[in-house]
Amino acid sequence: MLELTNLDVFYGGIHAIRAVNLRVNEGEFVALIGANGAGKTTLLRTISGLKRPGRGSLRFNGAELSTLPPEKIVALGISHCPEGRHVWNHMTVRENLMLGAYARRGSRSLPKDLKRIYAIFPKLEERQRQTAGTLSGGEQQMLAVGRALMGAPKLLLLDEPSLGLAPVVVQELARVFSRINLEGTSILLVEQNATMALRLASRTYVLETGSVVKEGTSADLVSDPSIRDAYLGGQSLRTGAAR
Amino acid sequence: MGQLAQQLLNGVVMGGIYALSALGLTMVYGMMNIVNVAHGELYMLGALFTYYLTSTLGLPYLPSVLAALVLVALIGGAMERSSLRRIRGQTMVVTTLVTLGWSLILQNVSLILTGGIPRYITSPFPETSLVLGGLQIAPSRLFAALAAGAVIVLTHLFLQKTVLGNAMRASFQDKDAASLVGINVGLIYMLTFALGAALAALSGGLLGTISYVDPSMGAKGLMKSFVVVTIGGMGSFIGAIFGGLILGIVEALAAAYISSAYKDFIGFIMVVVILLFLPSGLFGKRERYA
Amino acid sequence: MKPRAMNYVKPTRRRTGTILSLAALGLAALAPNVLDSYTRHVLMLAMINIILGLGLNFTLGYVGQPNFGQAALFGFGAYTSAILAMKMHVSFLVSIVAAGLVTLMAGYVLGYISLQLRGAYFCMVTIALGQALLLMASNLLRLTGGPMGLAGIPGPKLAGLLSSTYSLWLVALGLLALMLLVTRLLERSVMGRAWVAIRESETLARSTGVDTFHYALLAYVAGALFAGLGGSLYAHYVGFVDPSIFAFSWSSMSVVAVVIGGRGTIWGPVIGGLLVTLLPEYLRVAALWRLPMFGLVLILIITFMPDGLVALPRLLAQVRSRGKTGVALPGGGGD
Amino acid sequence: MIGSKHVLRSRVLVLALLLVIVSASLAGCSSKKANDEAIKIGVIAPMTGPQQFEGQTEVDAVRMAVDEVNKAGGILGGRMITLVAEDDGAQPAQGASAVEKLITKDKVVAIQGAQWSSVSKAVMPILEKYGVPAVTAISTAPDITEGNLPGKDWIFRVIPHDGLVASAIAEFIKTNLKATKVDVLAVNDDWGRQSTAAVKAELEKRGGTLPKIEYYTGGETNFLPQLTAIKNDNPDALFLVGQSQDGSMIVKQLKELKWSKPVIGLGAFASDTFISLAKDAAEGVYSLAQYVDSVDSPINKSFVNAWKTRYPKSLLPDKYAWGPYTATKVIIEAIKKAGSTDPKKIQEALKSVTYDGATGKIAFDAKHQAHPDVYITVIKNGKAVIQTPISTK
């Protein structure tokens, strides 16, 4: 479904992504883990069109993405829930969600889709008339996910959804991601919280300084000693220091 | 007592008119963070186009205003596309100077093309003032004030209730997030500036029946629009209404009870005093300028 | 503005620099003898514009606040000189020094008021104060002559021999050199660094213990002194002041000069001041198209060089070295 | 990177020096020897900015005068006259630059202007410095000729100044309008202030009172505050000082307030521009005008006809057309009389030159002020009708 071949991305003079090959199959839940600064966010921004790739190809269901503007990519069925949530603080929860479906505005199924989001996140329905800026961090993350889902994506890109959230909230989000995936949406999850990522995803890639250094089923990676040392051992330190 | 009532009535009606003429300015500032010095020239072009459409082509008044609005919106879109787009994200001084350059171009090219003769747009309203309990008011002025209210409400509803309006607000609050839900942010920037230009043109077309129309009319009115927008809080519609009303009433009362030579002086001092106590005007959003 | 931290210059180079500057100064002092009087006149106005720009540069360039009220201070200086010279018949020297000091004090008051605010609201207050002063000058008939202005302000005759225009040329040149030197010294001082800190992030500057209001006010006051001296020069040179000296057009021209020259640089206001004076004058050949052409040039320069013309060499160097990108750096992530 | 700042700085210096050199050479190369034949006359006027309309009219008028003379074969044995017009933006400093350029670069022998009194005052010292005369047709501040300003020997004025017309206005208000309590609304500039002061003095001499004197900023569009206050004061008459745009707005807003007392204006309350802007609201407005297009003299009729033929799209000529036209003709007469293009000789000739103008004979008194007639007019059926011509001698 999504296929990155030999992808290179430059940031100014910096070679941020180097010859990355990555694939997400129909209905699959894939994770991408790596340390802060490894290039994970750059990779997602490149997929969704916010950043132009330098070399290589980016194909989604056969269509080449590397020259498309973000709005065209959204229309193909890729929703990107960005790191740091980026909800529109001065707009209401409902307005945030409805704009999530901007790429398919006018579609008849919008009321139904909104109901579905409210069913997934009942808190959002309670707060639908509040402005997003008044929500708690966890609620904002739910809103950001909900907004991405309103685009009715075939592929959902999630960037650090657990960042800075209480463990209870992270648990709740994890349940939601599994459910969405089971309902048929493919997911590419980017996480520093490797424990969570490896538990949710069926396959995982490990990114270090812009290159994929390991890939495999999550089960294999969990038992890989180098992964355990680098990503699971120091985990408590790292999540504590997030942001 | 009769004078006070008449002055207040004039002040309120003028206040509505001032609010209308400042609307595009405050919207472009609030959304795009651009102090559009060319606002006055867009206003002037609205009036000038309306004049030519009514007098030269002989079109009826309201369709002419609408056609002028469309033409000026196109000019506004072209301004954004050709120059403002390239300096997005630069500091305010830089964007302000680009609009200053545009104001020089628009004003002087209009001057060259029209010869600068002052004119009136023929008003579709009767010239005889209405008399309400001993108070006089001109129908064209009353219409302009009412239209001002209607335009302000409609623009507000557009931004709050329509998908496009929401997309505009979203784009200026968080550009990346807007791109990620499929909003063409570049297009939205252009449309927003064009909308600001259209509002300026609309006020020019509506007020051209009260004031005269010439290429320098925009520059003359710009200072007042600045006062209105600043008092009310930059970017706030409700602020523009209150700013306009305050300026209209203060001008009226200053002329009646203090000295008309100091009328404008009082307006500017009021800006300073209000800002010292309310650093972002009456209704300005604080967090953006902290 | 990119930080350019290099302060170290080889001593020999510095010496050549000083010699070159002195030579340029000497040449400029003699220039009126060879220039025709129109060019002399235009360059004199340019010097006044440069002095104004150098003063404005402190708040606009270094502190980074959109100050559109330089005409308020300029007018203050001009009126102070005009009133002293016309009504009290003081000598030129007393008049120009007094204009500087009085404007400095006025700058303290105006700065104290307007610097309570930042950004667009600061901008609006500087405009409003300028307009308020314009209206005061129009209405305080006894003091300012009202809209009739004050005509017949005498110029100085240095050493009793030089003509008034030549004397003013030398005074302006001397002031200009002094101001460039002062700007250079301030730029490298603690104060200059504090200004740039405020511009980059006022919150951060404040959190590291910089009294941002204090430093911003000092920038404003320094700018006021320059503007006051420039205003005094103007009054004695043109010989006539009226309230239009407070007009928004003077303020905005000064902002244009600083921005198209280069904000927060020493030579920016010099280049910009020359440009905003020379361009409209030499565009007179274009008759009515002069102002639209000026507007177009303004837009082009700002759109393509938002850092001003001083950045032109750097920009060209960048263009030349393009294509050498792509050096991978370890750890260069995208977050 | 060492020394890069220094390199940069020297580049900037070079750039700045280049600019200076370019400007100097530009200045140098264009001052090549002018056409032996042509005589250059300069005009300064506000051709841009809020006063551009009056300025454009002025330049058009001067051009018409020059072309008429050229068509008739030129002067001084067939030499043609060329016109150099410069913009002063109605600002003193710009006016000074414009005159410096006209005199030193274009080598004009005389100048028509300025329009605004403040600009005239700023350019007078420059005229003196170079010894080039100017004839102004619009600046009516009395002290330009009557005062003791530097450069006063070099400026001449064809239009009666504010002091000269004040008594005529006061006399008309007292005897014809039978008004003693008069309110004033005047533009807050040098001209508005000075003419108000002059009329006030003359009215008070005649036993009148002026309880309310209000000023407005030029370009204002809202006069209702002042007019409402004046209406409430209930004077016998209202005296206005303003140009056609402002004036038209004032009388329109007076009409909105259902004003019924007599109104007399000074400035442009009898011009075609004013009437076409104010329409019905102009009816019945009295005015003191230094020129009206309906002046019944053969010279004026041919002037108006020539104007209509030459500028068919334009409005009928007003004082901004008549004054500069007359001033230019006076300059040309003086050049003929001097028999020379030496500015000093032209200045001498101006002192004794006479010219038959549309509103009477133009001849300068010892203070360089001319004394043509002025008119009291009233607007009837969209036409300014002359009530009484008044001598200003």
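Letters are used for the chains, namely A, B, C and D, taken in the order the chains are written, and counting of residues starts over at 1 for each.
Just so we're on the same page, contacts are C-beta pairs under 8 Å (C-beta built on N, C-alpha and C of every residue); 3 or more make two chains touch, one makes a residue touch a chain.
Everything numeric in this text was worked out from a predicted model, so none of it was measured.
Chemist: Starting at chain A, how many touch steps does it take at minimum to reach chain D?
Modeler: Graph distance in the chain contact network comes out at 2.
Chemist: Taking the mean of each chain's Cα atoms, which chain ends up nearest the overall Cα mean?
Modeler: B
Chemist: With respect to inter-chain C-beta contacts, which pair, B-C or A-B, contains the greater number?
Modeler: Looking at contacts between chains, B-C has the larger number.
Chemist: Give the label of the chain whose average Cα location is farthest from that of chain B.
Modeler: It is A whose centre lies farthest from that of chain B.
Chemist: Using Cα averages as centroids, what's the distance between chain A and chain C in whole Å?
Modeler: About 51 Å, centre to centre.
Chemist: With chain centres taken as the means of their Cα atoms, state the distance from chain B to chain C in Å.
Modeler: It comes to 32 Å between the two C-alpha centres.
Chemist: Using CA atom averages as chain centres, what separation in Å is found between chain A and chain B?
Modeler: 43
Chemist: Mind checking the centre-to-centre distance between chain C and chain D? Centres are C-alpha means, answer in whole Å.
Modeler: Whole-Å distance between the two chain centres: 34.
Chemist: Could you pull out the residues of chain A that touch at least 2 other chains?
Modeler: none
Chemist: What parts of chain D, by residue number, touch at least two of the other chains?
Modeler: Expected reply: 48, 188, 217.
Chemist: For chain B, which residues are shared contacts with two or more other chains?
Modeler: 108, 111, 261, 264
Chemist: What does chain A use to touch chain B in their complex?
Modeler: Against chain B, the touching part of chain A is residues 48-50, 69-71, 74-75, 79-82, 86-91, 95, 98-103, 105, 147-148, 150-151.
Chemist: Would you pull the chain B residues touching chain A in the complex into a rising list?
Modeler: 163, 166-167, 169-170, 173-174, 176-184
Chemist: For the complex, which residues does chain D have touching chain B?
Modeler: Interface residues on chain D, with respect to chain B: 48-50, 52-53, 56, 188, 214-217, 219-222, 224-226, 228-229, 231-232, 244-245, 248-249, 255-258, 273, 277, 279-281, 313-315.
Chemist: In the complex formed with chain B, which residues of chain C make contact?
Modeler: 60, 64, 66, 113, 116-121, 123-125, 127-129, 131-132, 135-136, 138-139, 248, 252, 255-256, 259-260, 263, 288-289, 291-292, 294-296, 298-299, 302-304, 306
Chemist: Which of the residues in chain D come into contact with chain C in the complex?
Modeler: Those residues of chain D that touch chain C are 1-6, 8-13, 15-17, 19-20, 23-24, 26-28, 31, 47-48, 85-87, 90-93, 96-98, 100-101, 103-105, 117-118, 121-122, 124-125, 130, 141, 143, 149-150, 188-190, 192-194, 217.
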